[in-house]
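After this come two complexes, each holding chain A, first together with chain B and then together with chain C.
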Partner chain A sequence: MNFYLTAVLLGLGFASLALGIFISMRIFNIPDITTDGSFTFGGAITAILLVNHVSLPVIFLAAFFGGAATGAITGFIHTKLKVNALLSGILVMTALYSINLAVMQRSNIPLMEVSSVFSSFKLFQNELTQQFFVLIIFVILIWQLISWMLKTDFGLAMRATGNNESMIRALGVNSNRMKIIGLGLANGLTALSGFLITQIQGFADINMGIGIVILGLGSVMIGEIFSKTFRIRSIAIQLAFVIAGSIVFRLLLAFALSIGIDAIYLKLVVALFVLTIVSIPNLKLSRD
Partner chain B sequence: MKKIAVILVLFISGCSQSQENKEKAKIPVIGFLDFLQDETLSQAKKGFFDALNDSGYRENDQTVHIIYRNAQNDQPTLVQACDYLISQNPVLIATCPTLSTITAVKRTQSIPLFMMVSPRPDLMKLTNEFGRGPRNLFGTFETLEYIDTAVAMIKTVLPGAKKVGTIFNQSEPQSVDALNRVQKACEQLGLQLEKLPVSNSNEAQLVVEALLRKKIDAFFALPDNTVFSGMEVIVKSCDRASVPVFTSEEGLVKRGALAAFGADMYQWGYQSGAQAAKFLRSQTTEGLSPQQVTVRKRVYNSEKAKQFGLAFDSTFTSVK
Partner chain C sequence: MIELKHISKTYNRDSAAAVTALDDISLSLPEKSFTVVVGSNGSGKSTLLNVLAGTVRPDAGTILINGKDVTSLPDYKRSRWIARIFQNPLLGTSPELTVLENFRLASLRTQPKKFIIGTGDKFKKLVKEKINVLGLGLENKLDQPMGTLSGGQRQALTLLMAVMPGQMNAATGDGPGILLMDEPTAALDPKTSALILDISGRIINEFELTVLFVTHHLKDALNYGNRILSMSGGKIDLDLDQLAKSKLTLPEVYEWFE
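Entry: the complex of A and B
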């Protein structure tokens, strides 16, 4: 069952990305395309600093704030320069392609014989158990932190910005600032996913972020279906479902790979699996 | 809830079923990890399996069990496909092309890997500070030497050529390395090189058209994934402008380039396959090491030669 465990590991690695997308969706109600670039940006920063033997806490912060800066730029372009939010994301994502190449100096950096977040404090002999343990702690911390943050006055104002911008402005909140901070936070989280995935797979690649926003959106949607089915109001549990969504996505792909579907139909089958999962609760509701 | 339970049961039974398959098969399992599908890469795959076939390892005879996985150009999928192959306890994994090799090297330190369509380990940055590559990495690699000959060929076929155009893929390390080599080779031959970057095959047409506006005399197609995917559109644009396409891979000549010098993808896969067969027979990796591609040849496309009114001597083999 090691194979399914590795799928869970990847799911946990992408959990932070899914939380990031959850936040940008809540603030904007639109998918933030910057994600494709900021994910790779996080990975690129991680790889180049790791091979230069920079200490992990520094790398962690560099990845988070690097990603946050890209999100803030998208927010700035959208709110101050009045560019459509989707286009702002696309522009920043496109520009990041060059930035990422410049950061990495080449398009692919394998991590040869460097320490990683998984090797820095060794608790288990088994490599996978060790990775699982580190990732679980990491994800729980992020999950608790974001849940707490969204329950503070600041977090409530942020969520309200997404729900009703005119109302929140009437209450004296600077909604533009909210959007910039929200997108910054979301992309910081995304970059942390890049930080983790780079270390799980052992290399950073310029194309690692392509289509990743779809993956995050998928996780968020799967999570929301669970929340709706079980009528969950608590933000913490909603976020937990989003994380579960990220893991479910990976497990479905793992399952599709293991039953040996013809390579041509792989993506079709994964899409059908996801469709099945998300439509079950609705089928049940319609019969009621 | 009932339906969710049904799905879960199906899922778990599916998982256990694949376990059973594994136990049933006492014959050696061979994994093949492919990153994407295209005409040229499938040549290497065919060569690999033909080599196994010729050494008596056939799926049909139950002498080997082959598990093929293709990540369809998606990196998270590639990692999971690689994990799946590893979970099936294969005796060896074949990897094609570079990104598959890098992924597999990072996922397993014990299963022998037979690479193809990948550059020398140090060009992939897979060597440590002492210049040693991964211990479990075997198969066949290519260096950049072929480029010098391939570029020199432009000068012999078109003595009047002054300006050579090329596109390169910024997202592939070997493409950038190859470009630098092309640049050097051109300088030595007194050719001027016009180069433009692309990042995926959708952009290929536009970028090639931009190059053609610079009045190039010949187009040199670097064998990278963008060219492998978008060869037809490159040839179409160059044909309209009557600019011959040179390259370094036979398969690309079949797909419309004028002439090439370089590794033959089929033979490249075959060479890795022959090495894998040797390993299957001896059950040991002793004496095996990554090898350089041995079969490089000069080929030309006779139809294109007629179109451009060019003649090729007997050192070239005609393909089509």
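Entry: the complex of A and C
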């Protein structure tokens, strides 16, 4: 049972990343590979600051704004230097590998004997229950905040930017600036997942972000399947489904491991799984 | 008042495929004037509109709006004076946002988009009253995504969005609004086209807009506006005022295209 509870915890930890991918992929239509780097960046910042006993709120903000800066750089390269969005993300991700190593000073930082977001205020004796409680509160707060933001005038302008750029420029919005802010926000959220996951697993590793963008993408797509099935238009509920998608994705991976699939093949399973959800709607269409 | 002074624009300037879209155009459009532009494809009509809107930068010349030099202002900054109706009826609205949310953004054309929720009941009532005038029954679809409406319905709403209150009015010193219409009915059926033109006419009169209307429908070109320009090869061949325009006949206009 703990096996699946751990999967749920990871799902909650990656929920912030999934929301970030929702913003870059669904709101701005930009496949943002920066994610792989900004996730690790969030983890690296968290680990190095934790072992140096910096206070958690400061670490939290450092992780968010650090991630946001990487996204904003991708946005800048894409909009101002007119580089293809995918390539912009790959460039920043590649550069971040060195930056992350420089931040961490080595390829792995274990977090033994340091207090984390889960141990700073103890409510439950059971460690998993305590983690679950902290993560749930965190995810609900982020979910509420992003839902609210997307309903404000600024959020509407953000959604319209990805939806219809000529319209939103005709309505007085600098769409390039909006993309930079949007990618910044998306990667800030991603880095927050790095912040959480590092503390859940108890270490930061230079390779922790490899292929992580696919994980977010899969979560967003599972969320969309829910939204389509229930014909959901409310942005808040769509986001809730994305979070649910993140948990479901983790449970499916846990299931795959439990039926005896070798952990070596985990990324292969992830890729095949995302391929399946992406292609099913297309196959259905072509049959009609 | 819009003034274009010696505007030129050449696409692919340094290559063999260079195309002169605008060739030393000078033009002034007084406040509350309604100017129709006709011309064959490639005559420079759309470039003229885009240069005014700020989506295309001219190679030479200056653009003044109410005496202010806006030549180097990007499109999203000129939007405080200029509203656009695109040829593609889907380009004026955001499909995934609701009708109400689209109107909210339109009402903020000249203002910053802040972190406040502005789509409350008061605003809803205002939009409802606005849309009611159309008589299309759309006032009951405020919470539907714009993408669920037809092209004609969306074009009609785009027109209303161009004249949401609190923008482009004389009180804020921005002067009368400018409406750029680039073949707004080209993608619509005849009945919907007539409806869109009817709504345009009403809005233009009510809000005393300054209009530049590009069309391929020569009948519409004769029926609407108080001035007509004919363009070819990036130049204005003919510029007829209201009196001369009223004497025009359809066969005469057809001859311009021979």
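The working rule: the second predicted complex is superposed on the first by the 259 of 288 C-alpha atoms of A that agree within 3 Å, B and C clash if a C-alpha of one lies under 4 Å from a C-alpha of the other, contacts with A are read in each partner's own complex, and residues count from 1 in each chain.
Convention: a contact is a pair of C-beta atoms (placed from the backbone, for glycine too) under 8 Å apart; a residue touches a chain by one contact, two chains touch by 3 or more.
On a predicted model such as this, the values are computed, not experimentally measured, just so you know.
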item: Chain A as common anchor, with chain B and chain C clashing or fitting; value: fit
item: Angular separation of chain B and chain C about chain A, which is computed from CA centres of the superposed model and rounded to the nearest 10 °; value: 140
item: Contacts of A:Ala254 with chain B and chain C, given as first, second, both or neither; value: first
item: Chain B versus chain C as contact partner of A:Ser166, first or second or both or neither; value: second
item: Contacts of A:Thr276 with chain B and chain C, given as first, second, both or neither; value: first
item: First, second, both or neither for A:Leu101, with chain B first and chain C second; value: first
item: Chain B versus chain C - smallest C-alpha distance in the overlay, whole Å; value: 26
item: Contacting residues of chain C [partner chain A, same complex]; value: 53, 55, 74-77, 79-80, 82-84, 86, 90-98, 101-102, 104-106, 108-111, 113-119, 145
item: Touching residues on chain A, where the partner in the complex is chain C; value: 148-149, 151-157, 159-160, 163-164, 166-175, 233
item: Residues of chain B that touch chain A when the two form their complex; value: 1, 3-4, 7, 11, 14-15, 17-18, 34, 37, 67-70, 72, 74-77, 79-81, 83-84, 86-87, 98-99, 102-103, 105-107, 124-129, 170-173, 176, 199
item: In the complex with chain B, residue positions of chain A that touch it; value: 1-4, 6-7, 10, 14, 97, 101, 106-113, 197, 200-203, 205-208, 210-212, 215, 250-251, 253-255, 257-260, 263-264, 266-267, 276-277, 280, 283-284
